[in-house]
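Dropping the structures in below, format is structure tokens.
You will see two complexes here that share chain A, one where it goes with chain B and one where it goes with chain C.
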Partner chain A sequence: MTNNRLLPYLLIAPATVFLVLLFVVPLVQTIALAFMDNGVASLTNFRKMAGDLNFGLSIGNTFLLVLAVIPLQICMALVMAMMIQKMDKGRDLVLWIWIIPLGISDLAAGLVWLAILQDRGYVNTVLNMLGLVDGPVNWLSYEAPVSLFVGVVLAEVWRATAIVLVILVAGLQLIPKEYGEAAEIFGAGPWTRFRKITLPLLKPSIQSALILRTVLAFEVFAVVYALSGRNFPVLVGEAYAWQHVNQNNGVAAVYAILVMAISLAATVIYIRALRTPPEMQP
Partner chain B sequence: MSGIRIDAIEKRFGAARALEQLTLDVEDGEFLALLGPSGCGKTTLLRIIAGLETQTSGRIFIGGRDVSALPPRERGLAMVFQNYAVFPHMTVYENVAFGLRMKGATAAEVNKQVERAAGLLHIEPYLERYPAKLSGGQRQRVAVARALAVQPAVLLMDEPLSNLDALLRLEMRSELKSVLNSSGTTTVYVTHDQTEAMGLADRIAVMHQGVIEQIDRPQALYERPATRFVGGFVGSPPMNFIDMPVKAGLARLGDFTNPVSTGRDTITAGIRAEDIAVVERGGLPFDVMVCEPLGATLLLTGRVAGQLARVAVRPDAVVAPGDRLNLEPSPGRIVWIDPANGKAIGQAA
Partner chain C sequence: MSEATVSIRLRRVMFWSGVAMLCAWVLVPIYLIALGAFGGRAGVFRWPKNLLPWDSGLAAMQAFLAVEGVWTAAVNGALVACLTMLFSLLLGAPAGYALARYRFAGQDAFRMLVVLTRAFPLAILALPLTVTFIRTGLYDTPLGVALVHTALALPFTALVSSSLFMGIPRELEEAAWIFGCTGLQAFRKIVLPLALPGLAAAAIFSFVISWNEVFAASVLTVRNRTLTAYLLTVLAESPLHFRFAGGFLLILPSVIFIFAVRKYLFAMWGIANR
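Presenting the complex of A and B:
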């Protein structure tokens, strides 16, 4: 009896210990680091962060990136998922090809797009062959903020839309096809069926995808770093720079906490805004 | 005018034929049941009428209009699904109103029709609830109300009662019949339950392996099945089939004889369990194996010359397993079947 009662706790103990050691402890330490200066409680690190030239820029850039990438990814993944849903043959093959980017690390993805977009990259080669540009154009310099931003968005969309797609495809498969058929019988065209039936029933999956993607998007770093270095400052990039370039782990900790706070806030907003009341669940 | 004409409909899935050249007329206002075992093609036929499935060849007319190539929403019909397909994210009111809203009905018209349909199916108290809060029977009512709210010319129903428990099914059955009778809606109703088909339908089409075996009024189907399959599928217990040797135009088994017109030396007698009398002597020898008191009758299962047979006798009859009885079928009610092709003799089938 005693054994049986203890067993569940024993089984979850390794995971719990692991998480406490490698997640909770560093979290507490980070918070301590942020609020300390030379061993004394202080807000110096916060003041340093706020006074930095790149601070406003990195917040602006990160939000701009999230606002551009997330809606684009959700729309694209929705369209792709709906197209896959209509396929009979080759469905799995197409899905498989579409989710290949999932298997690539974000730094590698950034390097792939660097190879495409850098001044001697594929884009310039093609444009040159077509006679559209004379010589290499630097798309990723800080003097070309628009093309730099577009490049980062492209790379992020290419890299991370697949995870949204997988979540939405799984969600679509959970919706019984009779709902769509009933709507069709009772006069709804394809667009109306999508809006009035599919989208509301897919809401829980969209919510999961949004939370996951938004949290990860606020943590965007490697892709941006590969493409632009610090020409396009983002929050996690600044944390990295304060830690390793400026050797100031206090300010780096403040950045880390800021990113966490923003992610938490976004999650809370999504949970509130896209709530499906239990009585409306199938 | 909203009869349905099914003209040489054929459906193939790869090499397999689900439906073979089906032709069928459903009259305006008629209630037709498509009855058959699972896999006989009845649901496929219903879905083709609805436009949810595309026929390989053949045409569908509704009210004289060729709808073969039209999408479901342009066919002017309503449907009740087996698993109800009541939208979980809409209130009962919005579910019932769905078809009307899609047609662009005015708010007043929507309100009027929803109230009428809700009244017919007694779901007024739940109009503001979500379907998850309803029982299976209540959801079924919502699905029917949603279909009736649009006042369809044609109503299609796919095993609508099969997910309900037995008592509720009986209640919904009679209610459906009275609601549909008064609305005069042309109805095609798919079921594998022969009592449901018998009780509800004006006519029943019995389907088997992609073909219609027989279409007729329920009573005619029961009394004069055109094939052995129909006799065995319609009615509970199923019809008895007893093979008898034929000599000189006379079928003979035990002391029972009957003149028959067949060129073969064996014939199958299709006899209903209740069309058999127990007599003092003569007739068919019947060895009782099992007695089942069913309340209204006593059902005996046993063997006639080694062949399985069931006989319904009066509930107060004193019979025990191991008894031998003498059976006298009423000759006029026997269906004589050619054992080679399973078709009834002397019938245009």
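Presenting the complex of A and C:
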């Protein structure tokens, strides 16, 4: 049946063509943009990027953010997922409340925390009621890098823990209950069961949550922008600024390449570090 | 009461207060931006703040919606998101069906292409597209933005629909063929109705992805901004109450949609990550 042999190709053709046009081609174009200057191959864009004052800052800030946010999110989501596992009454309601931020964009999350942390905001109001501050304190200014950083971390953790939670809860549902029960019969306590059974079996889910979140975390931009403008430079924010403010898409492309290289490296590291042998998969 | 029951009770109390605290961690910030959004100019500058909604009213939100460009941007954003939903379903579902039902040479390569997109920050790839889009007339149109957003949503839709179709027994389709249905009829009458709720959930998720995306949308538009892109570009020069109203308006549709598909989310992600 020739018809049947061709059919799968006909079915994947539109998606393939689309992905080539809007993923592979722009990828090649970005690389070309980055390495070209007025039509000649050169490293001018790289030199411009490296010479910029914000470059080192944005790399440092982005890495610091990722290092602070990702472990916090994984731990929080693990705790939340285990709590969900234990619940019988109200499970659906609690789960829904916890995944609400899944629908909230990074820009909106930034604005939410701006409302809370701005100098006449709610944090200062509460601190004032407790008698800890006398008047409005500016937490998000250039002179207060630590509290600004904490603000960005709070907003990111608030917004993006939900996706980790969803992936982990979905992963937990795939683990057969019998394993835990068997371990319990042999006298394993809850902590041992979590460490020796749940965690290893959850590894594939943790891995995909880590990859997804890390790639997205290196793209962080709108949260920071909403909270502080360019007071806290990050990589993608610089790409945006070079494109929009300086009208230089060559340097913007170099930033894009940098973000991509870092994301790819992180993905490879996760895949290697968290490899699960096929016989250990549930 | 024995010591054991006291300790069990104590544990229960601790457990549920932990749950309540985590719920508050999610809900209180949303309540606070709603206060900011409905409090208007007076509310934003009040010090110290009122933590109860006494000085809120609909007037502030109405004023925000009346600002030039806000309403158009909201409509644009919804249009882009609907187009994204449509494209990612039309392109992704057939591919998912092929992955689920057929063995063919190049299958692994295709799956690889789809999975690979996940390791890339796709929105950033909108940078070189500005040039291409200006040349082809797609620049600054909802269609152009929707195409980029489809690239973000398509891999997800393809993988999810592939496993949806895998979950529908092949025997059902074969039975329909035996009773004289053509391949297309069998698909339409048997497979599609069974897959529809899951496909709808995946489509709604594409809507949320597009509605929330900010980088590509603001790089690729100038006048026909989506709401997210519009808010980002006017952020620096707009007053605080305006920003809060915008933030609240961004949150609203997504939260409703997540509520609508909450049952499917876990099945979708459980599947999409295998």
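Just so we're on the same page, the second predicted complex is superposed on the first by the 282 of 282 C-alpha atoms of A that agree within 3 Å, B and C clash if a C-alpha of one lies under 4 Å from a C-alpha of the other, contacts with A are read in each partner's own complex, and residues count from 1 in each chain.
Criterion: contacts are C-beta pairs under 8 Å (C-beta built on N, C-alpha and C of every residue); 3 or more make two chains touch, one makes a residue touch a chain.
Only a predicted model underlies this, so the values are computations on that prediction, with no experimental measurement involved.
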Superpose on chain A as described above, then tell me if chain B and chain C fit or clash. fit
For the overlaid structures, how many degrees, to the nearest 10, lie between chain B and chain C at the C-alpha centre of chain A? 80
Quick check for you: in the superposed arrangement, does A:176 touch first (chain B), second (chain C), both or neither? first
Which partner does A:225 reach: the first (chain B), the second (chain C), both, or neither? second
Once the shared chain is lined up, is A:197 touching chain B (first), chain C (second), both, or neither of them? first
Under the stated touch criterion, name the partner, chain B or chain C, that contacts more residues in chain A. C
Give one of first, second, both or neither to describe whether A:188 is in contact with chain B, with chain C, with both, or with none. first
Between chain B (first) and chain C (second), which does A:256 come into contact with in this model arrangement: first, second, both, or neither? second
With the two complexes overlaid on chain A, what is the closest approach of chain B to chain C, counting only CA atoms, in Å? 9
Touching both chain B and chain C, residues of chain A: none
Residues of chain B touching chain A in their complex? 50, 52, 71-73, 77-79, 81, 83, 85, 87-89, 98-99, 102-103, 129-130, 132-133, 146, 150
Which positions of chain A touch chain C when the two form their complex? 5, 7-9, 11-12, 14-16, 18-19, 22-23, 26-27, 29-30, 32-33, 80, 83, 86-87, 92, 94-108, 110-116, 118, 120-122, 124-126, 128-129, 135-136, 158, 166-167, 169-171, 173-174, 204-205, 208, 211-212, 215-216, 218-219, 221-222, 225-226, 229, 236, 239-240, 243-244, 249, 252-253, 256, 259-260, 263-264, 267
For chain A, which residues count as touching chain B in their complex? 176, 178-179, 181-189, 192, 197, 200-201, 276-282
Using the touch rule from the top, collect the residues of chain C that touch chain A in their complex. 15, 18-19, 22-23, 25-27, 29-30, 32-33, 35-36, 44-49, 51, 90-92, 94-95, 97-99, 101-102, 104, 106-107, 110, 113-114, 117-132, 147-148, 150-151, 154-155, 158, 208, 211-215, 218-219, 228, 231-232, 235-236, 240, 243-244, 246-247, 250-251, 254-255, 257-259, 262, 265-271, 273-274
